[in-house]
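Note that chain A is present in both complexes that follow, paired respectively with chain B and with chain C.
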Partner chain A sequence: MKKIALYLIPLGLFLGLIIFLYQGLFSNPREHQSSLLEQPMPEFVLPDLMNIEQTYNEDVFLGKVTLLNVWGVWCITCAIELPYLKQLQGEGKHIVGLYFDQDMDPDFGIKTVARVQQEVTDKLSQLGNPYAFNIFDVKRDLSMDLGVTGAPETYLIDQQGKIRLHHIGDINPRVWKNKFAPVYDLLVAQ
Partner chain B sequence: MNRLVTTLMILILGSVINLALATEDKFHFDEPKKDALFLELTKELRCPKCQNQNIADSDAMIAVDLKRKVYDLLQKDYDKEQVIEYMKQRYGDFVYYQPPVNPMTIWLWLLPVLFVFAALVGIVITRKRQGVEMDSEQLAKAQEILERDE
Partner chain C sequence: MVAELGNFALVMALMMGILLSIYPMWGAYVNHSRMMAMAKPLAIGMFVFTVFAYACLTHGFITDDFSLAYVANTSNSTLPIYYKITAVWGGHEGSFLLWVLIFSTWTVAVALFSKAIPIKMVARVLSILGMVAIGFYLFMLLTSNPFDRLLPFFPIDGKDLNPLLQDIGMIIHPPMLYMGYVGFSVAFAFAIAALISGQLDSTWARWSRPWTLAAWSFLTVGVALGSWWAYYELGWGGWWFWDPVENASFMPWLIGTALIHSLAVTEKRKVFKSWTVLLAISAFSLSLLGTFLVRSGVLVSVHSFASDPSRGLFILGLLVVIIGGSLALYAYRAPQLKGNGRYQLFSREVLLIGNNVFLSAATLVVLLGTLLPLVHKEIGMGSISIGAPFFNQMFTYLIVPFVLIMGIGPLSRWKSQSPQALYKQLLIAFALSVSAAVLVNASFEQSSYMATLGLVMSFWIVVTTIMEIRQRIEPQITSGKYSILQSLQKLTPSHWGMVSGHLGFAVTLIGIALVSAYNVERNVRMAPGDSVTLQGYEFVFKNVSEYSGPNFTADVGHVDVYQQGNKVASVAAEKRFYPVQRNVMTEAGIDSGFTRDLFVALGEQLKNGDWSLRIYVKPFINWIWLGAFIMAFGGVLSISDKRYRMTKIVHKSKANKTSNPTLAEQLS
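Take a look at the complex of A and B:
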């Protein structure tokens, strides 16, 4: 009897290892807990993308449940995501864009604002415009404070201006249903 | 024609290398101490977008932005811990290659030690048992030989 138990130990260890590694097959290494959850939006003062004269700060998110979508015309997944965002906007969701340009090097600034605006207008007239407005993250400072790693990424911000969700990658019906809808519905019901 | 192409290639390659050197020079400090710290930090900070590259190696936009940020922070006289803390606040523990010790990660250190300990115990036990078994067997054999001789 004791011998059987002794033989079961390696079997148990092996099974444990198998389960551990099997789970690893389905885990997404790109997904890691955002350290900004439940934190207020970082402070910022940034211009509107289409009207550089107008500036926003973190108070612009107060009083509304907002989806802050980080995007750019150079981002292919963003273009795939846009029609679905348009649909969400049609359902009454408040979507704000956080736009940053890849070619805008803070040290060189090789692109004019007018050209960026033209590109954005072209893209949005082609695919639909889900955004209430776009914040232009000129030097990608706000993106850094938000822990943005690329585009697209989306934040769910509550009425008090607190970050409730951070999603890396595109929003599609599956992501919306599993990740956003439960939190969003709860926030809106408040 | 071929020669022209080769010459062009060399020229293009040369300018690419020059460009690479130029970007290396972009982050330059007046104090050599900060230069060393900058190199150390960019080696130990992990690019959040790429899976296993530090920000010194990576050319992803985010890595370049992080390098610039490290540079700015060092210019503002941040020390090493402060820069790491700044990055962790934004990108989480993921951004630094040295994981913090907490109830979840403590196993990274405990498991190998436990494994070695268990293996040692196992070896000692089997050795002991085998020793005894062999002795009694040999004794029996010896006894048998003795008895035969008589």
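Take a look at the complex of A and C:
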């Protein structure tokens, strides 16, 4: 009997593996968000979209409650949320854009920076510019570190530079009221 | 119409599979020879119908039948004809059709080339293959039928083949890989048939060896081609990325390598029987697991097909039935598998099993590294990712003892080897390999410890392999009967197969060690006329021209390379734009050489008209793939050995059925 138990080990290991594979089937492998909450912003050094010479790092978020909005001109939903973001900015919220370009392969993009800037200027003059400034995620490194799956996505960052909320999809009055407002008001009150 | 015929042929092939899984097996059980004899025609039928279905799908591609959903998704009217033919396996459904086509090819090969094997065994083996076939054909017909129509509204033109796959490497890589993957099903079927029959002597090991070697050789070539393709097509300059799908092909290779060695021990020495059976089951199980990982969308990878839980669930069910069933059978039968050979602690048997342990440990490392992110998340510890550093480090630890044993193993005797007898020889071998490694390393400007270590290991294998040949022919030379050349000729092909396999590994190891340590890369911004010097090579950026291919437009950067004022190469690095999928692809310009590759990739054009370029000098990188081909050639040599020529040996083996031990000695 003892011997059979020994030979049952492979079967046991296999069945254990199957359980995980089964669960894995029903969860999204691209989901990363929960791991980043309550973490400080990842380190980065990236240029300003409109002024490539100027660079920012993670310290730029210190001292203010910031909404970091990941977007691009190619993103249709982003265009829809821009007017509402503009309204939020009008209410005194500090909104920073994290811009990345989709046609830009990490290594071998086909667009020049000048053309990207032109497109962004066109889009923002048309729909309103809610951004204090835009960080240009040239190689999408920061988006990767943040676990961005697409655009738009928005992060709420507190005065200590910690990520407090992550939202995938557009921000509209309902999302703001239910998800962002409670945390935001609390942070501002501190 | 043609597509409907193809669909019908698939259903017929499924029917053949069902019959194949029932009649011969039942016939073997009740000892009914006519039922067992049905195995062969049924296997042929399954093969013929599958070939027909495959031809129908190919026809759909050639005639641009975009009413077929699969064709519309993976082809386009502007695609060149040779890519239309290979686009058949460019997506999930078609590549699975190729999978079952290759599966039925192996099945029919077993049916045709097994005349020397008792009919009962063949019937069981084919029946088991039939059972596996049922699962695959059902999977294809129910969840991923390549013949699904988009009627009545079908697109005018197709979405085009992924540009990454429009490439010669991709034309041959998947069929080779599948030949290997699926080929392990034969070794699996032999092992299961042996378990079912209870005929647990080691004859099944002899029968399954040529099949396993064939599958392993194909897999070796397939993995090497995949790595080569990633090197020049992805344009990242690397040759192995520890991507989950690469890992999925690497795991069966590692276990397959263990299996071909373990089969040799089981055949010759009648020991480690249950271990060998377990390896045979594992090799095929890992192939299936790879299929699951690639096609279910559980893991994120550049290779993965569109994810679909229902497909994943189906394959998972197949895994449970096939692997779970065979492991349960194993647990039930394996306790009866007793080795009857005797051996001492220091003997070739133990060294071989030692190597098996390291190969299995390596497989486990890859398996854990691939699945840990998944498990980690499922037990609620958040997402993690395991990257190349983990694998590289683990493999560095594992390979040192592995190579040590690999050198000693062939030199030592079966049963028992006195350490003193080998001591002096090994010391010489070690001294030789260290000095060779230091000498080679000294030719590079700055030396690296890792490169030295890699070279010592490679030369260790080379030196001990040569010593082994010398040791083998020495008695014949000293007896004065034969000259050196004659005694070399007297060595069996399977012996040369081993030599070739081991030397191939050494060649690959040299490539890996040198390219990892001495690879030089630089990203530069260049205007036409500029030059940059790297490792003594002067790269002169001449100009950029444009041209249009059949379904893309391209910028081509021309770079000349000079060494000490002499032009040594002229490469063209392309950046292609495929309008249908709006994709940009890099085609790196590579000048391949025996001792180095010069690799130039064209980047984007900068604001002022300059271009960014990425330039690499990669020493000895081609040795990595060269070694793999030498290894695969070793497999082919072994198969060509006389004792596997089954049709001829049939009378002889009957005569020698009592199997005197000297026969086994001679063969080894």
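Remarks
Criterion: the second predicted complex is superposed on the first by the 157 of 190 C-alpha atoms of A that agree within 3 Å, B and C clash if a C-alpha of one lies under 4 Å from a C-alpha of the other, contacts with A are read in each partner's own complex, and residues count from 1 in each chain.
Definition applied: contacts are C-beta pairs under 8 Å (C-beta built on N, C-alpha and C of every residue); 3 or more make two chains touch, one makes a residue touch a chain.
The shown structure was predicted, so the numbers you read here are calculated from the model rather than taken from an experiment.
By the touch criterion defined above, A:190 lies against neither chain B nor chain C after alignment on the C-alpha atoms of chain A. Judged by the touch definition given at the top, the superposed model places A:178 against neither chain B nor chain C. Ranking chain B and chain C by residues of chain A touched puts C first. Of the two partner chains placed by superposition, only chain B is touched by A:144; chain C is not. Using the contact criterion defined above for the overlaid structures, shared-chain residue A:125 touches neither chain B nor chain C, since it reaches no partner. Of the two partner chains placed around the shared chain by superposition, chain C is the only one that A:14 touches, whereas chain B remains out of contact. Comparing the two complexes, residues 29-30, 32, 34-35, 107, 147 of chain A contact chain B in one case and chain C in the other. Only residues 26, 48-49, 51, 60-62, 65-66, 68-69, 88-94 of chain B touch chain A when the two sit together in their complex. Interface residues of chain A facing chain B in the complex, by the touch rule stated above, are 29-30, 32-36, 102, 106-107, 140, 143-150. Looking at the complex, you find that chain C touches chain A at residues 235-236, 274, 278, 281-282, 285, 292, 296-300, 309, 312-313, 316, 319-320, 323-324, 327-328, 330-332, 334-335, 371, 374-375, 377-378, 382-383, 575, 577, 582, 584, 586, 601-607, 612, 614.
Against chain C, in their complex, chain A makes its touches with residues 3-4, 7-8, 10-11, 14-15, 17-18, 20-27, 29-32, 34-35, 103, 105, 107-114, 147.
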